[in-house]
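First chain written, first letter: the chains are A, B, C and D, and each begins at residue 1.
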Amino acid sequence: MVHEEIELKGHVIDSLTLSKVLDAIIQSGGTYEIREFRIGKTRAEPSYARLWVSVEDRASLDRLLKELGHYGARELPARDADLRPTPAAGVAPDDFAVSTNLPTEIRLKGRWVPLVPEEMDRAIVVSRDLGSARPVPLYLLRKGDLVACGRRGIRVAPLRQPGGEAPRDPFVFMSASASAERPARHAIRTLADAMKAARRRKGKSLFVAGPAIVHSGGSEILAALIRAGWVSVLFAGNALATHDIENSLYGTSLGMCLADGARAPHGHAHHLRAINAIRKAGSIAEAVKRRIVKSGIMHALVTKRVPFVLAGSIRDDGPLPDVIADVRLAQEAMRAHLAGVEVAVMVATALHAVATGNLLSARVYTVAVDIDAARVTELIDRGTAQAVGIVMDAASFLAALARSLGIRAGS
Amino acid sequence: MVHEEIELKGHVIDSLTLSKVLDAIIQSGGTYEIREFRIGKTRAEPSYARLWVSVEDRASLDRLLKELGHYGARELPARDADLRPTPAAGVAPDDFAVSTNLPTEIRLKGRWVPLVPEEMDRAIVVSRDLGSARPVPLYLLRKGDLVACGRRGIRVAPLRQPGGEAPRDPFVFMSASASAERPARHAIRTLADAMKAARRRKGKSLFVAGPAIVHSGGSEILAALIRAGWVSVLFAGNALATHDIENSLYGTSLGMCLADGARAPHGHAHHLRAINAIRKAGSIAEAVKRRIVKSGIMHALVTKRVPFVLAGSIRDDGPLPDVIADVRLAQEAMRAHLAGVEVAVMVATALHAVATGNLLSARVYTVAVDIDAARVTELIDRGTAQAVGIVMDAASFLAALARSLGIRAGS
Amino acid sequence: MVHEEIELKGHVIDSLTLSKVLDAIIQSGGTYEIREFRIGKTRAEPSYARLWVSVEDRASLDRLLKELGHYGARELPARDADLRPTPAAGVAPDDFAVSTNLPTEIRLKGRWVPLVPEEMDRAIVVSRDLGSARPVPLYLLRKGDLVACGRRGIRVAPLRQPGGEAPRDPFVFMSASASAERPARHAIRTLADAMKAARRRKGKSLFVAGPAIVHSGGSEILAALIRAGWVSVLFAGNALATHDIENSLYGTSLGMCLADGARAPHGHAHHLRAINAIRKAGSIAEAVKRRIVKSGIMHALVTKRVPFVLAGSIRDDGPLPDVIADVRLAQEAMRAHLAGVEVAVMVATALHAVATGNLLSARVYTVAVDIDAARVTELIDRGTAQAVGIVMDAASFLAALARSLGIRAGS
Amino acid sequence: MVHEEIELKGHVIDSLTLSKVLDAIIQSGGTYEIREFRIGKTRAEPSYARLWVSVEDRASLDRLLKELGHYGARELPARDADLRPTPAAGVAPDDFAVSTNLPTEIRLKGRWVPLVPEEMDRAIVVSRDLGSARPVPLYLLRKGDLVACGRRGIRVAPLRQPGGEAPRDPFVFMSASASAERPARHAIRTLADAMKAARRRKGKSLFVAGPAIVHSGGSEILAALIRAGWVSVLFAGNALATHDIENSLYGTSLGMCLADGARAPHGHAHHLRAINAIRKAGSIAEAVKRRIVKSGIMHALVTKRVPFVLAGSIRDDGPLPDVIADVRLAQEAMRAHLAGVEVAVMVATALHAVATGNLLSARVYTVAVDIDAARVTELIDRGTAQAVGIVMDAASFLAALARSLGIRAGS
């Protein structure tokens, strides 16, 4: 038998962490003794547990400690992280540690160094001077990069609740899964409060926007939010921008007239004519400048100088000249805008929501809105567990958010 | 070979009726000759076709004519409907004609007599004097009732488009199936126009309401619509009334606090305490009178003297004393309120929407609202083909409808 | 300040019970001291906590203890339950305790008496001799019945995981919410094992069946399961039985030919002709006996003498003579078959699944199958939290279940 | 008033084309006279209509004729298409004709030249010798390319029914929209027949595959279909290939153990380790060759030498070295495999299904399978109107298809 003493800190009871740790020990064939256990006196106060763990042999213990590390457990005394160089560009060492979107620290030369930024599913690359650590996608690894491996010297702090670090936490007893049967109005007011708080702190609010915003008639409301300064940066694809511009040029979206719901004669070609008009102008900004595009979401972004990233996808027509066709470059463009983001609002998009979720820290207050609860569940299951789900159509959500922010916009 | 001349009238092209008729003839092994064909010069003008049909033998011809009758074809010269007495109470003759919700006429003693009211999936019972015809559910057939059988002497007028007889018909080129990708605002404005037109003509607007109206925070908006006189009659179940009263008494719905989204301590029992309070009072009206219930949908109905039917279901708790536990009696209570209904609005209910659709004429302007497009498709597939589908959450829909009707209600 | 010592037993950590209890104390303005805390050494072993609770005044303490009682906490020393007579037939005392579907005990004359059966959302009626307690729906309360009130002397044992008391518990780390992205095959094999284990113990397997079983082509597979003895009792509505008989008589379901997917000429009337044929025979059993119905689900039930309950709903056509039109009588008929049920399988039905869930103990191993994950979530949110969700179409599920049970059935 | 004589040919009644043409004339303020009208004597026989159209002025007439051209109407006598050069690379002339996926002909020097291949939403570029025409995405237009403009000299043949040119057409009376309430078994058998017929003619069957195939446990069935020669080419993304290889290496998908449904310890990192292993090998083919990957879909493709395209998306982790990160290059790689495709089967993918639908001729027999009917509706609404929808989970569908093709595969 081999032994190790481990400790756990934080919201280990209400995040179920303690249960999972004890479970993992039992399942590995080991036993445990609880040497110390203190429960926080208030909800804000963390709990603490110290356990003496015994398992069959060294290999089992290593496997177990590796697993426990992902629940935030760390052995006492702590040891430095194992570092190994990449064998080739774009390839991690076999046993590389995979990052999560939770607050994470790496022990280097006896010091706990934070992973900055927090981003899931990356290799953890450590600087040459062992002074900092950052997450790197596999394809960006350079030959010889020092990568954290195994589980020693890596600790992760469990977060307690959906929604990221909200000002208040109304959903603490609600399951994170989305449902149309739960009242959305309060969640929208809480989001509005979070956006206001972020603005006071000079933090950013990111919007991730799908084309159903335009189809459902929400363009002008989102444009009003942008003009009022509530959107710090916007991520979308070719479709959102195209249908917004189609709407601005022809009053249609997907060929359907938004004013009266009728299908416009020959309307299915409108989106291509809209794209062609922008291609002719050279860029969306140029088309706004030349007064080809005079309203809508993209117009508001350009005139308000709010940055946006349009990421390409294989279903794109055209595409618009502003679309980044290489998805890796698009990911990098998105990543470049994330510093300072405190609130993320994902509206009516599956692809872009998951893509953005992959890049976000779990500390970001994240709200995902879709008419289809299954899409919100998918996002949460993909690791963006902090997301608060709202089941509404895009236009109704944006109208309610605008009202909560004190903006008057036609709906 | 046997022959028959048939004629078709109405929107036989844009309802695909002509295609189906020709198809049916070919599939029965027959041939046809188009003797006369006039296409309406305008969309409002009906078309007309006269066909000479030839098939193998009399039996095939009868089968074919029976089928064609359901597309509105009738043979020339017309013959009276076959009438046969029921063999026993609650049992129709074997070959009984099944009614639809479309305008239908029965030929009796050389006269075309309308089926009144129009109601689908019933036997057609003819009065003793052969002067009138009405649809009767099987279980209400009395021994000896005269029932129309076969297909002779029965003609059905195809309707052209979803939504019933709307003032305008914006959806003519849209598929009837619901989708979250279509703009709802126009459909809501069209509904508001239909409700206004109905009111001018002293016609009724029926609301069919599911409990998600309360869960999503829409109670007060629906109550405002009722107080403003836009609801002529309301159909619902135990759940809608219970959660509305729960909300009025405790501020919760399904135990969730509607004001702040939190789960109320011990809130799951609230709906039962609400039911018990009404049972103690004796009825909802009495509880309103005694000021036990002071707000919400049921309060508005009672104080505004708008009739309602609460139909029982096997998932009911309690139930409230006003709930009709026998579903056949509940159907009859609903049917008793349908005369004069011109507009039907079905919000967030599957069971009650289909049940009401089963009782409605296809001429009623019908709008079905659900967050789940599949539920609207199910309604349409069940025969309520006139329904216009809107994919929205209940509270957002009601708020938008209230705005279109010029009502200011908190949302 | 007033004080009370309380204790908690069971899976208080992995069910989050301890967290909720501490939270409730803090929220009530109180404080606590953990006097004793033992965590179970294995997953099967329960944990134990003893807390000293202090709050402002007696009324707050009473409110708090009432809430804590629902988490299974009980004060030390325990006191008998408060009993009060009903003020009138069908009406509970104001402060009546609402039952849950979890294992529950009532303290009467110093003894903990179990609630039998376990059924949620009922009043708890105690026998005159204080020797037994049973759940009673409000409408069945008789004048003078002794009803448990408040929270004293009532304790509830939290269950840990979805699925009821399964032989094994594969889902312990999975969220209970259903998703199409989780592998169903294992859940089906686990269900098959549970059904086999129940059969060995002479326990019953209940099937709750929706009409989509017939529409999706699963009738013959369910009939094969019945003939092989895997179905002990079946709950359904008019639609399942009607479309099954329609399929047996005409080869169609909702008028669509199941063999080749084509819409049968005039097929929409088939279900009414099927109902009329059974009405003429007098009952389904009589129609089977006279060889009018020769195949399908209902035929298998009748020939195999498996009991069934057909509960009425307001959307019913006909209805079949076997349908119980009064929903309260239907509930009672269902309840009468629940003794001995160890496994419940709910396939493609929203209404009947929730209705049955309302009657089931949380100990019953419950599986809910639907093509729409939202319906399973709704069932779980309604209190049937033990249900394991499987997102599949009905026919595919039944075929996979039949294979797991070693039955060869055409699919 | 100006006049023009136009003619219409084909299934103009059952495709509603005639109705739409007459409607368009009325809406443009014009009138018409039906000069000749012949309805096909059988369903296979086309109909013919000749109309004399009168409108206010030349400009209105041009607009109208342009619209009518999209319904297949052409003026008599026919005139050549208007051709104009592109003003710049990547930009079409303002009035460029937008292609559809229907059979289309361009009139050049008095000859009707077919558009090859049929692909929607492109510019139509004509060869210098005016002998051929092809669809070109905007971004691939070269400066000076000759592009068809306006509506003259372009005719489109309406197709009649969903499913493309099926051997038989069972769905003629069914709406194209998908529903879980329709029997899928027949549609699967029809698909199997279409695949067999395609194979006899040396035609190709294309599969478009989403990762839910792996999650739902369908990998081995799809691999068996590939090994049996039923898959000619496969389109997918990084996720399908990654989770298939994750499953092959670790027995998990998204970290969930497919054999027993349990979440594997630390399983969320499995997919990244799988990607890293392939990156180390250099390619999927190399990993198969080195026996790193020994089973699953990708293994079957490589060993059977079936070509595949993995298109990148912004949500990709890793990615696998075989993934094409530039979405325009990915589109072109997909397009290069479409010649000879007669059957397209899209399973559990929204993004790739719409992307492939954008490239396919409407003549391709297309089946779209998803557990969520809304996704199939979205595909159809995006222009892939020929798609037959099947609402099933991926694994159940593949198992049923394999059985219909006579393949025995574990399910």
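Simple rule for what comes next: a residue touches a chain if its C-beta (ideal position, glycine included) is under 8 Å from a C-beta of that chain, and two chains touch if they have at least 3 such contacts.
None of these values were measured; they are calculated from a predicted model.
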| item | value |
| --- | --- |
| Chain whose mean Cα position lies farthest from chain A | B |
| Contact-richer chain pair [A-B vs A-C] | A-B |
| Centre-to-centre distance between chain D and chain A (centres being mean Cα positions), rounded to whole Å | 32 |
| Where chain A and chain B are represented by their mean Cα positions, the distance between them in whole Å | 45 |
| Separation of chain A from chain C, taking each centre as the mean of its C-alpha atoms, in whole Å | 37 |
| Multi-chain contact sites of chain B, meaning residues that touch two or more partners | 173, 180-181, 254, 372, 374, 381 |
| Chain A contact footprint on chain B (complex, rising order) | 170-171, 173-174, 180-187, 190, 212, 215-217, 253-254, 256, 258-263, 371-372, 391-393, 395-396, 399-400, 403, 411 |
| Chain C-touching residues of chain A, taken from the complex the two chains share | 13-14, 16, 18-20, 22-23, 26, 31-32, 34, 37, 39, 41-43, 172-173, 175-177, 179-181, 373-374, 377-378, 381 |
| Interface residues, chain B side, partner chain C - complex | 24, 27, 66-67, 70, 87-88, 90-92, 94, 96, 98, 121, 137-139, 254, 265-266, 268-269, 272-273, 275-276, 279-280, 311-319, 321, 325-328, 330-331, 334, 350-352, 354-355, 358, 372, 374, 381, 383 |
